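Down below is the structure, laid out as structure tokens.
Labels run A, B, C and D following the written order; every chain starts at residue 1.
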Amino acid sequence: MDTTAQHGTVKERPQASTPRLTLSGISKSFPGVRALHDVSLSLYPGQVTALIGENGAGKSTLVKIMTGIYQPDAGTISIDGQAVTLPSAHAAFGHGITAIHQETVLFDDLSVAENIFLGHAPRTRFKTIDWRTMRKNAKEVLETMGAGHIDADTRLKDLGIANKHLVAVARAMSIDARIVIMDEPTAALSMKEIEELFLLIEFLKSEGKAILFISHKFDEIYRIADRYTVFRDGEMIGEGLLKDASQGQIVRMMVGRNVDHIFPQRKATIGAPVLTVSGLSHPTEFDNIGFELHKGEILGFYGLVGAGRSEVMQAISGITRIAKGTIALEGKPIAPKSAADSIEAGIVYVPEERGKQGVVIGLPIFQNVSLPSLTRTSKSGILRLAEEFALARAFTERLDLRASSLSQDVGTLSGGNQQKIVIAKWLATAPKVIILDEPTKGIDIGSKAAVHGFMAELVAQGLSVIMVSSELPEILGMSDRVVVMREGRIASVYDNKELDAETLVRTAAGIAA
Amino acid sequence: ENVKIALVVKSLGNGFFDAANKGAEEAAKELGDVDIIYTGPTKATAEAQIEVVNSLIAQKVNAIAISANDADALVPALKKAMDRGITVISWDSGVAPEGRQLHLNPSDTGLIGETIIKLAADYLPEGGDVAILSASSTATNQNAWIDAAKKILPEKFPKINLVATVYGDDDSAKSTDEAKGLLKSYPNLKAIIAPTTVGVVAAAQVVTDENLIGKVNVTGLALPSEFKKFIDNGASQAVALWNPIDLGYSAVYLAHDLAVKKEEAKPGATLSIGRVGKVTLDDTNSAAMAPPFQFDKSNIEKFSKIY
Amino acid sequence: MTDTPAPRHIPDRLDKPLSSAIFSWEALLVVVAIAIFAINSFASPYFLDPWSLSDLTFNFTEKALIAFAMALLIISGEIDLSVAAIIALASTMMGMAVQAGAGTPALVAIGILVGLGCGAFNGLLVTRLGLPSIVVTIGTMSLFRGIAFIILGDQAYKGYPPSFAFFGQGYVWSVVSFELVLFLVAAIIYWFVLHRTSFGRRVFAIGNNPIAAQFSGVRVDRIKFILFCLTGLMSGIASVLITSRLGSTRPSIAQGYELEAITMVVLGGVSILGGAGSILGVVLAAFIMGLVTFGLGLLNVPGIVMSIFIGLLLIIVIALPILWRRLRGNS
Amino acid sequence: MKNILRYREIWLLAAIAVLIGLISMRFPGFADPANLRQVFNDTSILMILALGQMVVILTRSIDLSMASNLCFTGMVVAMLNAAYPAIPIPLLIVVALFVGLVLGAINGLLVWRLNIPSIVVTLGTLTIYRGATFVISGGAWVNADQMSPDFIGFQRAAFLGIPVLSWIALLVITLFFLLMTRTALGRSIYAIGVNPTASVYAGIDVGRTKFVVFCISGMIGGLAGYLWISRYVIASVEVANGYELNIIAACVIGGISIAGGIGSVGGAVLGALFLGIISNALPVINISPFWQMAISGSAIILAVVLNARGERRQGRIILKKAEAA
């Protein structure tokens, strides 16, 4: 392990340029958690540095320190060799640091222009906001980035997710940022959006920005990044040039053991149809959706972000109302009116937005896991804590959760570990059909293997799975069949045998082969 | 061990009751062995007054003399006080007979009703429209006076036409709104009668603001010290009130009579109220102190210095 | 080539340092209550008397009954400002029933049912139309009391049957009043419901994240509706008690009770933002408020000055743990 | 957003016009310009207060202590005036603004520094400030007679035929309009309401902005304190008791979302005007005062229902976009 820690340090440090930003000896603790311990990081102009680490390794914490949101307990930050302090987000701006955070942090109810210029709007002679200049500048910024199609006056909530990302980047450009940080920007994006984002990153590179890029997807890291820094359990393990390091080496640094993510081999023993959906329509979101899910099958749902997959799944599980159509479970028609109804019937939906729809921050882990199963863990309405703990332990340990105790507030877990709670809580209801919406979003490579392994095991036991995913390898590696959706309608259904990535992407984007 | 007599008022801070307290202290000095506890809620509600009464019971006072915010709601609490051997009388604003041993009216109810109309009528020889701006709609004494006034109106003041009764809740803002409403709705209004010290000030201010001095006469019950300005500027010709100092003085005397001298409060009994004289109880064990006293340009200066 | 590590064992709980129990909210409230009790006993010779202590409980029992239901409602992220107005309307309806010759059982039923009905009305507006409860109940606060005013105007209802007086004035045993017994019973029931049942657990979940709760199969609207009904019901019960204690009804009855009940809930450590709180805290807060007002009353301190103490207590008790944590963090 | 806001205000304006129309049917003089001017004057204080409350509500906070602040500051200036009638009125107004500012700053500091939810802080200071009024005055009232003629006369003096009180209201409205649309502070206030977390990330000092907002509402409370006392010419502990709810009701009727981030100066003004007209009209059209409470309660509920309709989010509308594309 010592050898890996040494990998790519001093000797191999490239002399290309001096770092624009240097963090050294940074430590940060939260009550009961040591998130960062004596870590260092350097960012170079015109280069992309990838920050790599397991869930909870401390990546986002470091980002928040670099943007003035958290204060480090120890350590120094210097920009162009000058030591600086970043007491607030505003101060970080002043130094040209900007970030696209892991959670979307923009203003839905404000216009695009305001989102870009909030906090540094152009002023008139009288120190009042100069709306006209602001709009004009917004338009210019968007155009230089090749995002001229976004109208500066629209409200942000009317934009698609990819465009929202563009606005976030535009904001970074508008303050003439010299350091741009992106914390898992691709987690919720599908191929097409990711390509657009990469073009942008190339553009930023060419402008000489120093870029920090955080992702759990190695293919992306190798495509876009020049250097890497690896964290494990809040400590820096190694750094260097990516061209000198193999994926295996990096993963070993990251996890401290060998992990090779191969999708589990499954013997498809596909049985009778379990879930039959036909003619499902919604006034505005989707139209005439029909498919069959068989016992022991994993049915993948692919599409560009915003294709309406999540809405369909939410309709099937009773969360949104439908206008027309039927849903039958094991031949019996059902009409769930709420998630409670569908959970009772045996269909569960694992939502994609973990912070908003998934975890209940403020409640401890075990209560989160037991929440959908309360009727089983309690007796005539009276709670039985022992049962709750047992249930929570069974599922969280299986998913390799990193937590200090089951009574810990889920809000203090890292993003990826929260995602494990989300999966655990719905699996714990022992359903017949489970719908997983972007199940491995933001999960590190080791845990991803655990989730996939668990899925395979469940299916082997006769559970049926619908897996909505925007991640091609996952879709290709896990599904027996794939439904592709485009703009609220089913574009095509493929058997996995006949499938390749290109067909999927073309169908999803509506480009004829 | 001195005799503890609690003077419980509708709400603290009201100039009228502060004056009554002056009288109470005067009586205490005369009687020698009496301590006065001057107390009351800040907000004129029955519930708050009950909490005050409860704490007085706990302090084992010898007598409670109360001006009640609600004639009925206080009865259970005061009954409890009497059960625990405390003398209870009401004054100014009364309590239903079962909740007290006797009630001291500041003046005869009928007489007050007549006086408030007369104050307006005196300056309206040809008659005309008048309206009443009262305190809260639940105020016992105001309601009794208004009833009395209405009863007496047809026979004694046929030319006076009472067009409306509105309630300002003893809140200056609400009273102002109501007074303005009256002036708008009844363009021929000749007088506003406000039998409440808060309402009368609000009404007089509105008449002053709207430049209606000389056209609309404000009258009613007012404390001279608070109202002098409006007699001076002509918004009002005259108002009336009884002497709150005497009222507080008499209440303490009566409470002392019952609590210490063990006089019995029964219909027909005659009790002494020190320098103010004597009162005789009627068949509801109520007594009236003195007729209301009228203030106008001639005497307001003098009385405004006293209360 | 993948090494599978043995799953890490995650303990149920970490052993908490003793200090965290000592500095819990409830412990803080117990200390405050004992301190006030001691100060009262020193300050007034009349305080330590069974009857005084019994009378003291009347200062908070009615409000506390509402506060229990309000605590659940606030934990779920909603609020009800109309409780005092519900008392007024329920009392008015009971008054009308008396005029029509109703007996005691009918009166109690009417009081409770009107309360329940008003609560259901609030609940429907909030859950069916998706309106913010703070605004809805500011509206119904005027509406309910307004109806009482329309019905009663400047009149009062009285003449409640003698047997009706028991609820607000009666004693179950020696100095133990019916109101106090009801308060204790309600405290136990609400404690059990909030802390020991799946319903209570769901209330917490809704307060922390209503959307995730809904996705987890919690019937959010139904539970919120039930909580509004409960709050209305408790207001109805309080209305029976207070009407019985006063022996009469005016439309201005119980004015300002909503803020006192909410103060009790907040002082009891319930997060006004929802999601956290305990019934024990509310019980302690009720006692504290009763002790403060009664103790100061014995010293004949005007009510408004008492309210300064309550206001200060509210802010200080909430600020203390924050300041404490900050001081400890710095050292 | 602008469009919908404008839409909502027009709605409210229409509602007010209908209301005035209905009242005029019962009482023809009501729609006279002279009378409307008077209604405006009568509502001025509520409008000013509603604007102060608006900025607080926009940041997802609430100030329940405004009416108590008004009461306290009013008492301070009244007592000052009674004791030193020579102090010129403009100076007294400065004193009122300052005292209000201090009270507001206390709220703001507790919210900012200790991070206590504003509803809790102001629930506490609601009783503390009113109690403090009792303490400084010893419970005694200050009467019309103790106030100087200037003190009472200032807001009543007419300038271009319109009372100074109305001018003050117009001035405050203008200032707030500029604040909300033309300054960075104004935009920060909206941003905090729309998304507090994002505001932190955008470099807005959320805590300090909230502090400033409470200072503003405090100053407004203080100003209203002088205006109220000199208008109703009595200063007592009971002044404006419970009025905080009227202020909030005016904001709610004006379409200011209690969840923060949505609302406008025009809305707050119209909301106050709506309530002002109702309380002005009821006595005039001879509706029993006992109906007033129920009517304004119903108006509030109706307003919230209508506002919620307008605010209701539409779905993402994938299909429509697909057709358009």
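Keep in mind that, in the parts below, a residue touches a chain if its C-beta (ideal position, glycine included) is under 8 Å from a C-beta of that chain, and two chains touch if they have at least 3 such contacts.
These numbers come from a predicted model, not from an experiment.
*Asks:* Which chain has its C-alpha centre farthest away from the C-alpha centre of chain A?
*Replies:* Most distant chain from chain A: B.
*Asks:* Roughly how far is chain B from chain C, going centre to centre by Cα mean, in whole Å?
*Replies:* Inter-chain centre distance comes to 37 Å.
*Asks:* Determine the centre-to-centre distance between chain A and chain B, using the mean Cα coordinates as centres, and give it in whole Å.
*Replies:* Centre separation, chain A to chain B: 74 Å.
*Asks:* Averaging only over C-alpha atoms, locate the centres of chain C and chain D and give their separation in whole Å.
*Replies:* That gives a centre separation of 29 Å.
*Asks:* Quick one: which residues in chain D touch 2 or more of the other chains?
*Replies:* 134, 139, 237, 290
*Asks:* Which chain C residues touch at least two other chains?
*Replies:* Those would be 149, 153-154, 251, 256, 302, 304.
*Asks:* Pull out every residue in chain B that's touching 2 or more other chains.
*Replies:* 12, 42-43, 137, 167
*Asks:* According to the definition of touch, which chains form touching pairs?
*Replies:* A-C, A-D, B-C, B-D, C-D
*Asks:* For the complex, give me every residue of chain D touching chain C.
*Replies:* 110, 114-117, 119-121, 123-128, 130-132, 134-135, 139, 237, 242, 245, 248-249, 252, 257-259, 288, 290-298, 300-301, 304-305, 308, 312
*Asks:* Please output the residues of chain B touching chain D within their complex, sorted ascending.
*Replies:* 11-15, 18, 42-43, 137, 164, 166-167, 171-173, 176-178, 180-182, 184-185, 198, 201-202, 204-205, 209, 225-230, 304
*Asks:* Could you pull out which chain D residues touch chain B in their complex?
*Replies:* 27, 29, 35, 42, 134, 137, 139-141, 143-145, 156, 228, 231-234, 236-241, 243, 279-280, 282-286, 289-290
*Asks:* Can you tell me which positions in chain D touch chain A when the two form their complex?
*Replies:* Of all residues in chain D, those touching chain A are 1, 178, 181-184, 186-188, 190-191, 194-195, 197-205, 261-262, 313-322, 325.
*Asks:* What residues of chain B sit close enough to touch chain C in their complex?
*Replies:* 12, 37, 39-43, 45-48, 50-52, 54-55, 57-60, 70-76, 80, 84, 136-138, 143, 167
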